[in-house]
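Shared chain: subunit A. Partners: subunit B in the first complex, subunit C in the second.
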Partner chain A sequence: MGIVKASDVVYEYIRRDDEGNVEGITTAVDKVSLDIRQGEFIAILGHNGSGKSTLAKHINAILTPTEGTVWVDGMDTSEEDKLWNVRQTAGMVFQNPDNQIIGQVVEEDVGFGPENMGIPTKEIWERVEESLRAVGMYEFRKYSPNKLSGGQKQRVSIAGVLAMHPKCIVLDEPTAMLDPSGRKEVIRAVRGLNQVEGVTVILITHYMEEIIHADRVFVMDRGRIAMEGTPRQIFSQVEKLKELRLDVPQVTLLAYELKKRGVALPDGILTAEELADALSAYY
Partner chain B sequence: MSIIVDHVNYIYGADTPLAVAALKDVCLQFPDGQFVGIIGHTGSGKSTLVQHLNGLLKATSGHIYFDGEDIYDKDYDMKKLRSRVGLVFQYPEHQLFEVDVFSDVCFGPKNLGLDKREAELRAYDALRRVGLPDELFYQSPFDLSGGQKRRAAIAGVLAMKPDVLILDEPTAGLDPKGRDEILHQIKQLQTQTGMTILLVSHSMEDVAEYVDRIIVMNKGSVLYDDEPRKVFRHYKELEEVGLAAPQVTYVLHKLKEKGMNVDVSATTIEEAADTVLQALGRR
Partner chain C sequence: MLRDITLGQYYQTESVIHRLDPRVKLGGTLLFIISLFLFDHFAGYVVAVAFLGIVIRLSHVPFRFMVKGMKAIVFLLILTVTFNLFLTPGRELVSFWKLTITWEGLALAITMAVRLTILIIGSSVMTLTTTPNNLTDGMEKMLKPLKLFRIPVHEVAMMMSIALRFIPILLEETDKIMKAQLARGADFESGNIFKRAKAMVPLLVPLFVSAFHRANDLALAMESRCYRGGEGRTKMKPLVYQKRDGLAYLCIVLYLALSITAGRLVWMWI
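Then we have the complex of A and B:
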């Protein structure tokens, strides 16, 4: 069993009208099974309302399945006495950095998690330092978070999760509110955690370019996993992705357009470098 | 309805030790019917700038002329200005509040003092323009999907029939299809009604695709103000100020480096495909 395993997970919520009468049941996650190995970089794509955030919330037990089981590092997330262990194993970072930062000083904010876990003071400081270094924010440790840019705040949020020494981090659209350089900073930090620290990363995003380095991509639609594969396999299917309200990176789209107009190029080109190499055969 | 921004300075917390200059000597003109993109990293002053245009913030010094009249004149009708310059904030769906979508959209025109019938006609027209289907009109706005909520909120501003529509990151957090749909509808609105549109965005690809002119803000000043292909020629300088060029720009530069004779100023997929095919001698 991998670090995160889901088996036939169903999540239903009950819709109610103004008076509280039951109007119906919506199935947000519909029989999803997946198995994620320790150290993998996983990306989850899907249009608004496809169920990806609902699924992600199962990984650190914010939600528990209506049917089926989710295991995090072998622990069943539905067992209440495992709750805190599950949340320490799988940390979560959300979209808006302003909702996640509580400390008045960066290092204090990052220390909040381990302090809550009852870690000895000396070790808290060690963890704060290594976490801030891992996301490239150590030199800002004495700053007030509200003096930081969006990308910097989001990296502080990630450090805060990292200080709890999770084996797995789930990031739910961490770059949606950031400018291009903020996005780049955050994605670089996330890749670093995965490659250097070996943390399992589950990244949910609407930016196709951010996931070209993922090991595996899951595409969700109507609560189910509609596609699964490497970024190259997924992005080779331009038409299918468009049907699912998604897109491909612009580089891939340009290659696709050229191909449609008669230039023989391989499918699923992901980087500018690859496209330039493939085209160089023609001149 | 032209807008002239004349040597505008704005200082947050003026007369306090924490004074920060958010706008520095900004001079701009917005002629009728233009589709303008405003880009800049977080904190560059773009939101501060647009909030001046409908009088939400008052310049510390300088003048703003709307249709030839100084909006800082003592007897200038600010309420009228706000009905003519519509501002759609970031995440506007957080401002939905009525029991159904239709009443929510009627709120603005009713507030302008229009009678019920006129307000309803405008609401109907606005909802049609943003492409929200009739069957959603009497649903609670909170039951809509992310993209639909955003449209309903934009319709609420459109129903005031502004001459100028300002949108602050209207596509943040939407899936790629939702992004395209909303921007496409905004573009249509501009061509059909001749409305002036100002789009604040973090997506260089979106801006390149839709606008006639780009204003780049940096540290409270205007860095560039030109048509997209000319602005993105400065892609190295844009990176230094936390921005980027559209991805195709990077591909074209790479191809050029490899000796292919492409026009590097192309900024959309369509233009890029054209110039690559031309360089390959296929056209």
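Then we have the complex of A and C:
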């Protein structure tokens, strides 16, 4: 069994009217099964309302499935007494950096998780230092979070999760509120965690550019997993992606259009360099 | 810029008073305030002013910052002085129209004014030399025994520090909403007080909605970082008494003894 495993997970939001009668049931996650191995970089892609955030919240035991089971490192997330172990094993970073920073100084915020876990003071300081270094925010440790840019704040949030020594980090659209340079900063930090520290990363996003470096990609649509594969496999199916209302990166789209017009290019080109190589090989 | 807003009125500098444990400063201020009501001889005030003067000197905070705190109580000060001046019965000093000023009234008015001034400046010294964060930490630790009476001390302290963290964020948000509403023709400036209060509604409603959203998000983020109240929590920056804190306590006790006995000492001299 991998670090995160879900089998036939169903999650239903029940809408009620003022008297508490059931008005309707929305199935946000519909029979999703997946198995993620330790050390993998997973991307979960989907447009708004596809159920990707709901699925992410299951991995951190913020939500528990209506049907089916989610295991994190072999622990069933719906078991009450494993709750804190699950949350410590699978850390979560949210969308809005302002709403998840608790401390008034960067280092205090990073120390918040370890404090909650009851780690001795001396070790908290070690963890804070190493986590801030891992995301490149050590020089800012004495700053007030209000004085940082969006990308920097999000890196502090990541450090805050990292300080809890999780085996797996779930990032729920961490870049949705950032500008392009902030997005790059955060994605670089996340890749670093995965490659250098060996943390399993589950990145939820709707930016296609961010999934290029993933080992595996799941595309969600209406609560189900619609596609699964390596980024190259996913991007070679441009028609299907368009059907799922997802934007294909410009380079991939250009290659796809060229191919349609009769230029013999390989499927699923991901970067500008690849396209340039393929084109120069052609002529 | 709203980002640079200073919370509370903390004055950033390096001094012995700044480095003291917040518990010493809290307890010291409290004892100092109580002491002002314990003695009734002018010699006591001389001791109090001298003590305060030394502390201000040690704190390296410019005196004008202390006086700033006085602005808030000017009205209260005038009110107290007036009432004491005119409404105290006793030997007549001057009398005009229906009002009479008595010797006792004059003495009482002056005492009250001096007491209030020292009190406010004394507590300003504490807020000027302690970060809000430190202050909540100190309060949490000092009030811990209240847990026995089921008072949620840790929770209250946590709430205070979160409130402090969100003040600048909400201020920024207010600014944003205000601009958005101004752009759509809202008028916050003109009209009488009722009109202006009514004009605040389109500002406050979105602000409240967003504050609730933020609170919900923050609660989720805290839970996902294993926050489960004060039980079994360790501290990254625990409060530990140093040698200087002990010395400070000693100074406060000495001051207390001196200020209370000052009146009698002067009596003996004469």
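Just a few scattered comments:
Just so it is clear, the second predicted complex is superposed on the first by the 279 of 283 C-alpha atoms of A that agree within 3 Å, B and C clash if a C-alpha of one lies under 4 Å from a C-alpha of the other, contacts with A are read in each partner's own complex, and residues count from 1 in each chain.
To be clear about the criterion, a residue touches a chain if its C-beta (ideal position, glycine included) is under 8 Å from a C-beta of that chain, and two chains touch if they have at least 3 such contacts.
Owing to the predicted nature of the structure, the values given are computational and were not obtained by experimental measurement.
In the superposition on chain A, A:195 contacts neither subunit B nor subunit C.
When both complexes are overlaid on chain A, the residue A:103 reaches subunit C alone and has no touch with subunit B. In the superposed model, A:272 lies in contact with subunit B only, and not with subunit C.
Of the two partner chains placed around the shared chain by superposition, subunit C is the only one that A:116 touches, whereas subunit B remains out of contact. Contact with subunit B, but none with subunit C, is seen for A:282 once the two complexes are overlaid on the shared chain.
When the shared chain is aligned, no partner comes close enough to touch A:38: not subunit B, not subunit C.
Interface residues of subunit A, counted against subunit C in their complex, comprise 60, 62, 84, 87-88, 91-92, 94, 96, 98-105, 107-108, 111-121, 124-125, 128, 145-147, 160-161, 164. Residues 15, 18, 46-50, 95, 149-151, 173, 176-182, 184, 206, 208-209, 242, 245-247, 249-251, 253-254, 257-258, 261-263, 272-273, 275-276, 279-280, 282-283 of subunit A touch subunit B in their complex.
By the touch rule above, subunit C contacts subunit A in their complex via residues 3-4, 132-133, 161-162, 164-165, 168-169, 213-214, 217-218, 220-228, 232-238.
Of all the residues in subunit B, the ones that touch subunit A in their complex are 40-43, 99, 143, 145-147, 172-179, 202, 204-205, 239, 242-244, 246-248, 250-251, 254-255, 257-260, 269-270, 272-273, 276-277, 279-280, 282.
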